[in-house]
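Report on one structure; see the data block that follows.
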Amino acid sequence: MASLELRNIVKRYKSQTVLDNLSLTVADGETLVLFGPSGAGKTVLLRLVAGVIDPDEGKILIGGEDMTDLDAEFRGVGMAFQNFALFPHMTAFDNIATPLQAKHSSQGTIKTGVESVAKLLKIGHVLSHKPRALSNGQKQRTALARALVGSPPLLLLDDPLRNVDAKLRFEMRLELPRLLADRGATVIYVTQDYKEAMALGDRIAVMSQGVVKQLGTPEQIYREPANVEIARLFGDPTINLLDVKPARDAKGIYVGLSNVQVHLAGAHEAAVGRDCVIGLRPEALAFVDERTPGAIPVTVEAETPLNEKIVTLVRTVRGREILVSRPSGTPGQSEGKVYIAVDSKSALLFDRTSGERIGSKNVVNLRSGEAA
Amino acid sequence: MTAATIQRNRPSGFRISKRVLPYLLSLPALLVCIGILIPFLTSVVYSFQRYRLSQPWARQFNWGDNYISFFTDPKFWNTLQVSLLYAGITVVLELLLGLGIAMLLQKRSTLNNFISIMLLMPLMTAPALAALMWKLMTNPGFGVLSYLASLIGLQDFRWASSPSTALLTVVLVDIWVYTPFIMILLLAGLRSLPTQPFEAAALDGVPRSFVFFRITLPMLTPYILTATLFRLLDSIQQFDIIYAMTQGGPGDTLTVFQVEAYLNFFQSTNVGRSAALMIILWAITYFLSNIFIKNWLRLRERARGQA
Amino acid sequence: MEHTSLLERILRGIALALVVIFFMFPIVWILMMSFQTNETILRIPPQLVFEPTLANYTALITGKLMTAAGTLDIAFMRNLWNSVFLSVTSVAVALLLGVPAAYAFARHKFRGSEDIAFTLLSFRFAPALLVLLPLTLYFQKLGLANTYIGLIWVYQLICLPLILWIVRGYFEDIPADIEYAYRIAGHSWFATFRKIALPLAGPGIAAAGLLAFIFAWNNFVFALVLASADKQPVTVGALAFITSSGIQYGQISAAIVLSITPTLALALYAQRYLVEGLSLGAVKG
Amino acid sequence: MHEKEKDLIDAFLRGQVDRRGLIKGLGAMGLAASTAGTLLNFGQTRALAADFDWQAHKGKTIKLLLNKHPYADAMIANLDNFKKLTGMEVVYDVFPEDVYFDKVTAALSASSPEYDAFMTGAYMTWTYGPAGWITDLNEWIKDPAKTNPKYAWDDFLPGVKNSCAWNGQPGGALGSADAKQWCIPWGFEQNNITYNKGMFDKVGVSVPGNMDEMVATAAKLTKDVGGGVYGIGVRGSRSWATIHPGFLSAYANFDQKDLNVSADGKLSAAMNTAESKAFHKQWVQMIQESGPKDWSTYTWYQVGTDLGAGASAMIYDADILGYFMNGGDNKMAGKLAFSAFKANPAAKAPTPNIWIWSLSMSNFSKDKDATWYFMQWASGPEHALFGATKMDFVNPVRQSVWNDEMFREKLNKSYPGYVEMFDVSAPGASIKFTPQPLFFDLTTEWAATLQKMVAKEVPVDEGLDKLAESINSQLKEAGLG
């Protein structure tokens, strides 16, 4: 039906390779989030799928049908652009109606179609306005409505919340999943915001420099990031990263943190004796009593509330800064000397040179369902 | 949503390949112009001949002689110098003036729009006729401008008839006729600039001069280059105004390329020499516009990056 | 922008007034001369007061010119019509050819696109004089000499590069995404060109069209050399008032006024587009 | 036409009634003089038809290229008579003088068969002839089968007629035995003085009799007339046209030449003699002191306009320019007077250089015989008389017209002194240039040099030496020197 398959896609601009032999499959009805820093190739990938640019190599299959050489208008996809790309000389109504007009629908059908999608997106009252008279939020909804109105089996959303304010983004982040689920369409959603990615994606493909570094469910990406970079991209506050060199004793594998031996329950054998970076999520750290085994003495430097959490910046005796977060309302200490302990199961170990997580499967073959 | 794929449009019948399309779009324009290439090449051949219409029996190839003779001919160097000087002065002055006027009229208002259209009127006057009128207006007796000049103490200002002021006068007429051309292009450019950077700068209290040099100018550069390019091409080939005002005089003060080539062709009927002069002019314009286009493309990219 | 100081507004006003005086004074003077005869035009010193006469316009419109040497037939209205016809058709053809080409250069960076674009531009700087003699020869052989079609073809040298390069810039200023959005919505490239690119670049096309029109209007060397008297434009026609009994400044002025009028009307009509820049600031930023 | 009128006209043509009687008679019948003129011409047309087969080219069409000029206007006004006489159709293109010669050059250089005959100046035939664009008309003039017996080739003023004939050899004498008749003179201009009588009287000067006097008179006029009026109008633009009127006429009066022709036909510059330098100095001084302030932009129409509008006190230029300025709506209409001018006190008579509007036949014409029919009619005695008496066809090139009493009377009435001036200067009137193909190159450079001298950019002596040097090298380059 409207599954999407990309086979060995290569796209170059002049000498620069933007997409490097990329393969990816999205199941019918699935929402795949493409996540990564700017310049990772997400937008290019989306445009290749939409058909407005052509790959240098590889094939694009939509619903099992080879569409590589087909022009955009024949692919039947819907797309919302990051900068909205509304037609400035048309009213919101006409903007939204364009996909229906292309199908030569009757005036009545067009009117019903546009009005129902506008109602859904709460922009029914501005349909007669031209884009310049719309607020950013209304523009964004108009753009979305235009992408949705034709009920395309494949929806491409290019960071649609990028250019709207925080409040609206928050609202939409709640609204969108339901909206997309109702449509039943296959969705590819590009974002740079990990929370959006986590909230919307059935699966997330983390891209960097033209390749997919990791593909998996939001849970997998968060818990088992393939490398330091991905670990750093997901999570707020950012993951703490400290240089360590794991060793083994009778109790198992441990690392030294501020002269304290911290044993790691889930650590991989391969880490022993290697130069590593340990990744500690701030929420995997907790303030503890001095006597708790593996308690690390630190000094509290600062404390900030962040959303539902309180984030504390502490400093180890060696002078390394660590972020600790705890849910709001739970007791903590706002100054002086304290002790923290590590949830040893959730600690992540990365090779210091390659940045790869030690123990992760090498994520290369990213066919659906085979993720790490 | 089962019907999803069925709704999709199907490519039907004749389709133009994406790769061929741009060629198809630009080809007609090219074909229409290419016809001109043949006369052009014929003229290149002429330029390598000893070819005076009044001495048909002596027509023969003399290869580079027409060109070589220029190198030792002080009149040619004078022509080159005057042409470049004229083009340089007019383009720079018209650009500055055109930019200034465009900025004065930048704000959208009925009055400004009206003024900008009115200012186009000199451009709508055929240069040859405009020059005729200026000649009358600068006549020492009947000329209103000479009269006005005398009122401010310039009793004996000789306008186009004195070697020291001829260039100035002709430049003045050129400015009068062609500044509106630059003005209208830059005005359109100014008014299509995005407003955000300016609003932001105004909010931040950034000095005006900084805004002008760091935001306005760079973003306007593509428009400036287009306008300047066309003005330069026309200016270095100026004929109508100069010929109607002074016929290249007084002395050899204003014997620019086109005037020389015109006299060589229509009066001396020395086709070979005239063609050689024109080819050199063509080469100069080719060279100059090449530089322009290269920068144009580069600056467009940069301006787009900022916008 | 709202908070300009009073001093600045005064200075801007003065500057604008000076600009208007410099550019409009000769036009006003010409307009005044068009209502005078040589007798009042040629006074020392020149004077503002005169008894206006419509004789010049009557002469131009009826085609009868009274001079010292008697009544002369003039074909000014015919010249005017030729100018209108030649300029309108030339610009129309140039738009028809140039706008799609400009679109191709702006939107599709295809192999050799810059070279082709530059070649088209370079036709602009082949001086007319350079091609005149061979052109006349070839036109004669092709039967194009003394035909409107031939003239319109040659006028493309003036119009086409101008339109091509100005319009191209406007097309490039339209964000590609807007066009992509329309394509993705299911429309062909042609529909996209027609419904999106053309309306958005409309002001640029209007401005380029008007400038091309003006340059075509002001040209006369091509028509002079390639066509007979009945196809001469107004620029050649106005020179007929340089008669053996003196330059008929009044009539030349009236001729200038009449010849500006159609272009001015066109400009005023298209005013909104000409000075608007890329339509709708919303396109950018 | 009524029989009575026809009879009267025929009587005139038979010599039984004189011209005045004819006009009177026709006037008595209620016909205006101008209509009478046309009728008269019609009668003459019928008379012409008697001795010559004018209908030989009936039904053919020829096309003319004409300059916007009173001569062309006069011809067009009378054209119906030609059409009736021959049954031919004549179409024509008229171009303004400013662009006329460009159009001619463009058409001829492209070997265009469009135009059969065209108006030209004699100087231009020095290019057109050797270029092979025009036809030697002797072939027709001298063929009695093709030329109407009443054409009276001998009636043309010899100086003018000869000035239109050249053997094509650079430096070859005009009107020599082997000369080709490149064109037929139509109307011509002598360069003489036209002056504002009122201004002369006001300042108390009389018409100058030589160059010294002209310099002094012009200076006095400039000083004393007032109101910004200057003494003498002469042309000054960077063009051959600056050299050929007053300047060359006076120059030739001092027996100076533009070029020397050696025994073996080689040309060399002749304007750097001591006499020439002295003359140039005077001329330059005169312009500096009493010429128009923007002299270097002056073409014939500025010279004429100034005189007509009362901005200058006299001109030394084409006599017909003065003629036209004495009429129409010019401020000074009727206030101008004419005088021949002899620059050299030692010279016996004036030697005006002349400009001749003439008719040439295109070599690319498809039917030269038919074209010749038009040309002989247009330059024939009847049309010349019609143009001279009914239209502004001055100066006529036929002696018979000058002898015509009605013509002389018309001139004497409105243009006092004009006929007298003509009679004095006509014997010495001819083209004073040496015919050669570089005519325009050399005269343009000469004019540019004059401009530099007047602007004091170069001293006269040095300027002339340089000019001569440059001209010699150009002549050599062209294989003429």
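A, B, C and D are the chain letters, set down in written order, and residue numbers restart from 1 in every chain.
To be clear about the criterion, a contact is a pair of C-beta atoms (placed from the backbone, for glycine too) under 8 Å apart; a residue touches a chain by one contact, two chains touch by 3 or more.
Treat the numbers as computed from the prediction; the structure is a model and nothing was measured.
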| Hey, what chains does chain A share as contacts with chain B? | C
| note | Larger contact count among B-D and B-C belongs to B-C
| query | Which whole number of Å gives the spacing of the CA centres of chain A and chain D? | reply | 93
| field | chain C and chain D, separation of their C-alpha mean positions in angstrom | value | 39
| request: Could you give the separation in Å between the centres of chain B and chain C, each centre being the mean of its C-alpha atoms? | output: 14
| Which residue numbers or ranges of chain A touch two or more of the other chains? | 71, 73, 75-76, 102-103, 150
| request: Could you list the positions in chain D whose residues touch two or more of the other chains? | output: 102, 109, 228, 309, 311
| field | Residues within chain C bordering two or more other chains | value | 42-45, 132-133, 137, 186, 189, 220, 239, 247, 281, 283
| Which positions of chain C touch chain B when the two form their complex? | 1, 12, 15-16, 19-20, 22-24, 26-27, 29-30, 41-46, 97-98, 100-101, 103-105, 107-108, 110, 113-114, 116-127, 129-135, 137-138, 153-154, 156-157, 160, 162, 164-166, 169, 172-173, 186, 189, 203-204, 207, 211, 214, 217-218, 220, 234-235, 238-239, 247, 249, 252-253, 255-256, 259-260, 263-264, 267-268, 271-272, 274-278, 281, 283-285
| note | Residue set of chain B touching chain D in the complex reads 52-56, 58, 69, 135, 138-142, 156, 158-163, 245-252, 263, 265-271
| said: Show me the residue ranges of chain D that touch chain C in the complex, using the header's touch definition. | reply: 68-70, 73, 76, 92-99, 102-103, 106-107, 109-112, 114, 227-229, 301, 304-305, 308-311, 320-321, 324-325, 327-331, 333, 391-392
| field | chain A residues within the chain C interface of the complex | value | 47, 50-52, 71-73, 75-79, 81, 83, 85-89, 98-99, 101-103, 130-132, 146, 150
| task | Quick one: which bits of chain D touch chain B in the complex? Just the residue numbers, please. | result | 101-102, 105, 109, 126-127, 130-132, 228, 236-240, 292-297, 302, 306, 309, 311, 437-438, 440-441, 444, 447-449, 451-452, 454-455, 457, 477-479
